[in-house]
C-alpha cells in the first residue's frame, strides 16, 4: 500500500517511503524517519563493504590499481589507441546485438510453430525448446562449438552468436507466445465473426494488441543476453570477459580485472534496465 | 605463517594441477596419472604426508593458489618474470620445449619460422600457458587464438581452422601420430623454445620455497626426475595400457 | 446420453512435409560433412568408458568419472537449492517489507546478482570471498577421519570429504546466485496473496509474526513451490558454470575427459545427453507431482 | 452413431439458417443434443433458457466460433464446414454481437467499424468511412467516431459493436445476450436500436432474457434446456401459455425479477 | 491546514468509537473530510451513501486498516495510533466483517474461527474449539465446522466470517457491505444473523444499502457524500423524511431497485 499525504515530503515520495503519517507526526519527523531508514541501509552496506575490504587485506593481495589505465585505452601522440577492455566491450555489444535480432527471429518462428496446427511445426518447436531448456548453456556452447561448428564450418564468432541466439530464442518464443495468448479470447472471436482472414486477424487485431505486452520483456531479454554473452569467453571469442581473462593471464592481476569487468557489465546492464523501466512507465502512461 | 609446518600439521599436501597430457591426465579408471602426479606423490612421501590433488581449470589456477585452495602448484608451469611478480617459483624440475603441430593442407609448404609469421596465419594455443607467450614472441604478425584447453586448440588445427598450434612437447607429437593424414609436427619436431617449469607458491614464505627447491635439486641430481620425465615424455609405450589407447 | 464422436486424427499437410524435409536435409548434410569433409576418428567407447567402466579384477561395472560428476552435480543442486531457498525466503520477505532499509538491501542484492554475468560473479565470489570465508569457518580443517565425515552418509550427502570445503564454496556460490531468483519467486508468491487476507488477519488482532506465519506464508507457499521446483532444474543446469572454478562436477570432469582423450565430439554429445536426461526426468517428475497435488486439493 | 456426417440437401432458398441434427461435445460433455432448427429470411427468433442450457453454444455454431461434431448446419445456403475460405464467406454474411462487446481497443470507433469492409471487400477508405458513418448514425453515435472504445459507456460500446456488424451488410444478425453486461439505464438504448433493426426487416437470432423485447419483436421463441431445443413456437403461443412445464418454471423465475 | 493535529481528551466511557475531525488522503485525493462521529455502547449505526463517498474508508479507519492523517480516533477509550501493540489490543475489541468474506482458504471453518482466540489470548485448543462451536451454532452453521471455505456457499462463508469476528468477543462489530457480494437468496440468511446480533445488544457499525435492515435494527443512520458525513440522525427522522436533498435523491435511487 503506497499512500502519501499531500504534504508528504518530496524526499519520502522519491524514496517510496511509506507515506503513512500519524496526525502527531510532523513533516520533519517523517523526513527523519525516511532518512533513518536510508541510513540503516547505508550502514549495512558499509559493513558489507568493510568485510570485503578486510577480507582483501587479510589475503595479503598486492593491489596494483595503478596499472589498469592502459587496459581501457592509451593516448599515443594524441592518438586514441583502444585497449583490450575497450575492444572487448565492443565485441560484446556486437555479439549481443546480432544474437538478439536472431533470437527474436527464432523466437517468433518457434512461437508460430507451437501455436500452429501443423504437426511438424509443433513437434520441431517443442523438440527445440525441450533441448534448450534441459541442458546447460555452457554445454550447449561446447556442443555448438566443438560439434556443430566444425561440421558446418562455422567460425568461432558465429558459433557464439548462434548458440546465444538459440538459447535466448527459447525465451523469446515463450514471451511472444505469452503475449499473443494474453490477448483476450473475445478479440479472436470478434475478428473471426467479422469474417477477417487469418492473416488480417493477426495483422490488424491480435499482433497490435500483443506488441505492447511483448516489447518490455523482450528488452529485458537483451539485458540477459549481454550477461550470457560472457560465457563465450570459453570458446575464445574476444569479448569483454575473454579480454579480461587474457589480461589476467598476462598480468595475474586477477581481482583488479574481475572487479573492473564486473563493473563494466553492471554499468551496461543497469543502464539498460533503467531505460527499459522508463520505457515501461511511458507505455503505461500512454495507455 | 609457515607453510611446511601447516602441511605437516594437516598431514596432507594439497597440490594444484591441471589436466595436461602427459604431465597429468586420467587413466581408464578415471584416476590421475602422469609426470607431475609422480613428482607430487614422491614429494609428499618424502615429507611424510599424504598427497591431495586439486584439479583446477588452468585459467583459475593462480587465483586459486592465492585464495589458498591448495599449497603449491605442480602443474607444468613455466617460470616467467611476469608470473614471478605474483607468485614464487622454485628451481625448475623440468625443462619442456614447445613444439608445433601444423595442418598438412594449410601449411605443408611452410618450413621456416618466417613462413608462419604472416598475418594470414592463425596459430592456436592454450590461454595463459607459456606456448602462447612463445607464439607471441616468435610469430608476432600471425593471428593468435587462445583456448582454455590444448585439445580444443589441436582440434582447430585438425579441422583446418588454424594453421598450427603450439604446445609443450611432447603433446604435438602424440597428436600428430593420431592424425597422420592431417597434421604433422613442424620443424621436424625441433623444440621451438626451452621452458623452465617450477613449482609455484604463494609469496612470502621463503622457508617453503627453500625446501621445495632443494627437494628438486636432490631429486634431479639423483637422476630420479630425469628417469620419470623420460618415462612419460619420450614415448607412450610405457603408459599406453593405462589409458587404453586403441591406435 | 450419446458418446462423443472420435476425434479425427490430424493429417500431415504439405507444410509438414516441407518442415520435416528441411530438418532431415540438415541432419543428412551434417552426417555427410562428418563422414566426408571433416576429419575425425570417432571413438565412442573411449568416452563411454568414462561413464561406466568394466573392472576386470572384480568383474563388475563401476561408475566412472562422468557418473561421479553427475552425483556431484546433483549434490550441488540439492544443497544450493536449500540454501538459496532460505536466502530467497528472507530476502523475499524483506523485499515486501515496509521498511525502506530492508527493501533497499534485498533490492540491491537481487539487482546486483541479476546484472552481473554468472561467469564473472562466480569468479569473484569464489576466489575473493570464499577464499576468506572457508578458512574462517574452519571447513578446511575438518577432521577427515572423524566417524561421521568418513561415513557413507556423509559421502552420499557431500561427496569426497577431501573436497568438502571446495564443495561447500561451490554450493554457496550457486546458492547466492540462485537466491536472487528465488527472492523474486517468493516476492511474487507473497504478493499473490490477496490484500483481503492481510486485512482479515490484522482485523482479528493477530501480531505481525502471526499474520505472516499463519496466514500469508501458508498461502504463499502454494504459489512458491512449483516455480521453486523449476528453479531446482535451472540450478542443475546453472551448476555447470562452477566448472569454471574447478568444482568437480559433470562439466568440469567432462573438460578433463575431453582433454585426456582428445575425443571432444563424443564427450560433449554424451555429456549433453546426460544433462538432458536428468533435467527432463526431473521436469516430468515435478509436472506429475504438481498434477497430483492439484487433484488432491480438489 | 456414425462419425461421418451425412450431407443433407440444401434447404430452400428462403431459409437462412438451418440446423439438422446438430450435436456438439466439450470433451465428454454434450452441450448440444440433436438440434433441429431453421430460421427463415426476415424471421426474428429469440432464444431463451436457463444458464448452461447451450444457448451461446448453439448461436456460436452458426458462424462456427464453435465447431459442431455431428449433423449439418447450412447458412445462406452453404454448409458451414472446415473449409476456411468458405467459412470466411459465411461469416461475412452473418453479423454477430457479443455480451462483452469485444471492440478492438487499439482502434478508434471509426476504425473498428471500417476494418472489416476495407479488409474483406477491398473498399477504399473513403467509401468505408461513408458506410461506417451511416451505420454509426443509425445507432445514434456518429459523434463519437474518433474516440476509442475505452472512452465510451457500455451502452455506447454495444451500439458500436452493432454498427460494426452491420457495416458488412450481413443477411443475418446474431446477438448473444447483448444487454446482460450493461447497467440498467443503458439496456434500453441498446434494445431500442435492436428493435429498429427488427422493424427494418433484418433476420435476427437473439439470445436474451429480456422478455419485454421478445414480446415486442420476436416472431418465434425458442426455449432450450440441457442442450435440447425444448420448445419452438410463435411468440403468441409462447406467451399465451402454450408451453411446457420447464419453460413455464423458467419464465416465472425470469419475470419475478 | 495544520500538520499537527490537536489532541482531544478521551470521550466519556460510554462512547466506544469516537471520530474527532478526522481527515484522510489517498495521495492527493482526500477521501475523508473532517469526520466527527461517535458511536455509543449498544448503539447500532447504519452508514449509507453513494459509491466512492468514503464509507469503507471511514469504517476501516476504526481498526486502522487505513491510517488517517489528521484528527483523532478513539476506540474503547484508547486512541488508535501507530503503536503496534496497542493497535493489536484495539483490533481484538473490534470485530470486522468484509464484503468479500476474506476467510482463510487454507484452514478449515473451525480453524478459521479458533485461530485468533488461540494466538491472541492463549486459550487452549479445546477451549477455543468450544467457543468456536458456540458461535458457529449461533450463526447456524456448526455442522460445517470441518469443511473448507471453498466448499461453502457465499452466505455460509459470510456467516463463518461473522462467527470468526465474534469469537474474539469484541465490544464493537464493523460490517462493510456484508451482503453485497451475495446472491439474492443468501442475503436474508446473513441479515437474519445480523439482526439477532443487534437484538442481543451488540454495538454495531454497518455499511449497507439494505434499507429494510436499517429500518428494522438501526438506532441511527449516517449518510455520507464525497468524504463528508452529510447527515446523522435517528432512524425515524431519516425515514420520516427529515433529510437533505442529496440523501433524498440517493434513497430514491436505492429504493427503486
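Letters A, B, C, D and E name the chains as they come in the text, with residue numbers starting at 1 for each one.
Following the convention adopted for this analysis, a residue touches a chain if its C-beta (ideal position, glycine included) is under 8 Å from a C-beta of that chain, and two chains touch if they have at least 3 such contacts.
The chain list, named the UniProt way, goes like this: A = Amino acid ABC transporter permease protein; D, E = ABC transporter related protein.
Being a predicted model, the structure only gives us computed values, none of them experimental.
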Busiest interface, counted in C-beta pairs: A-C
Maximum centroid distance from subunit C, chain identifier (CA atoms): D
Interchain centroid distance [CA atoms averaged], subunit A/subunit C, Å: 20
Rounded Å distance between subunit A and subunit D, as computed from the means of their C-alpha atoms: 49
Inter-centroid spacing, subunit E versus subunit D (mean Cα positions, whole Å): 46
Inter-chain centre distance, subunit B versus subunit E - centres from mean C-alpha coordinates, in Å: 81
Shared interface positions of subunit C, touching two or more other chains: 38, 40, 123, 127-128, 131, 243-244, 258, 264
Sites on subunit B at which at least two other chains make contact: 59, 63, 66-67, 148, 152, 155, 159
Junction residues of subunit A, two or more chains touched: 59, 146, 150, 234, 254-255
Footprint of subunit B on subunit C - complex, ascending: 38-41, 43, 46, 49-50, 53, 55, 62, 64-65, 68, 123, 126-128, 130-131, 135, 140-141, 162-163, 166, 243-246, 248, 252, 255-262, 264
Contact footprint of subunit C on subunit E as seen in their complex: 60, 63, 65, 84, 88-92, 94-96, 98, 100, 102-106, 115-116, 119-120, 161, 164-165, 168
Residue ranges of subunit A in contact with subunit B within the complex: 59-62, 146, 150, 155-156, 234-236, 245-246, 248-255
For the subunit B and subunit C complex, residues of the former touching the latter: 10, 12, 19-21, 25-26, 28-30, 52, 54-57, 59-60, 63-64, 66-69, 148-152, 154-155, 158-159, 175, 178-179, 181-182, 243-244, 246
Contact set on subunit B toward subunit A in their complex: 59, 62-63, 66-67, 82-83, 85-87, 127-128, 132, 145-148, 152, 155, 159, 161, 203-204
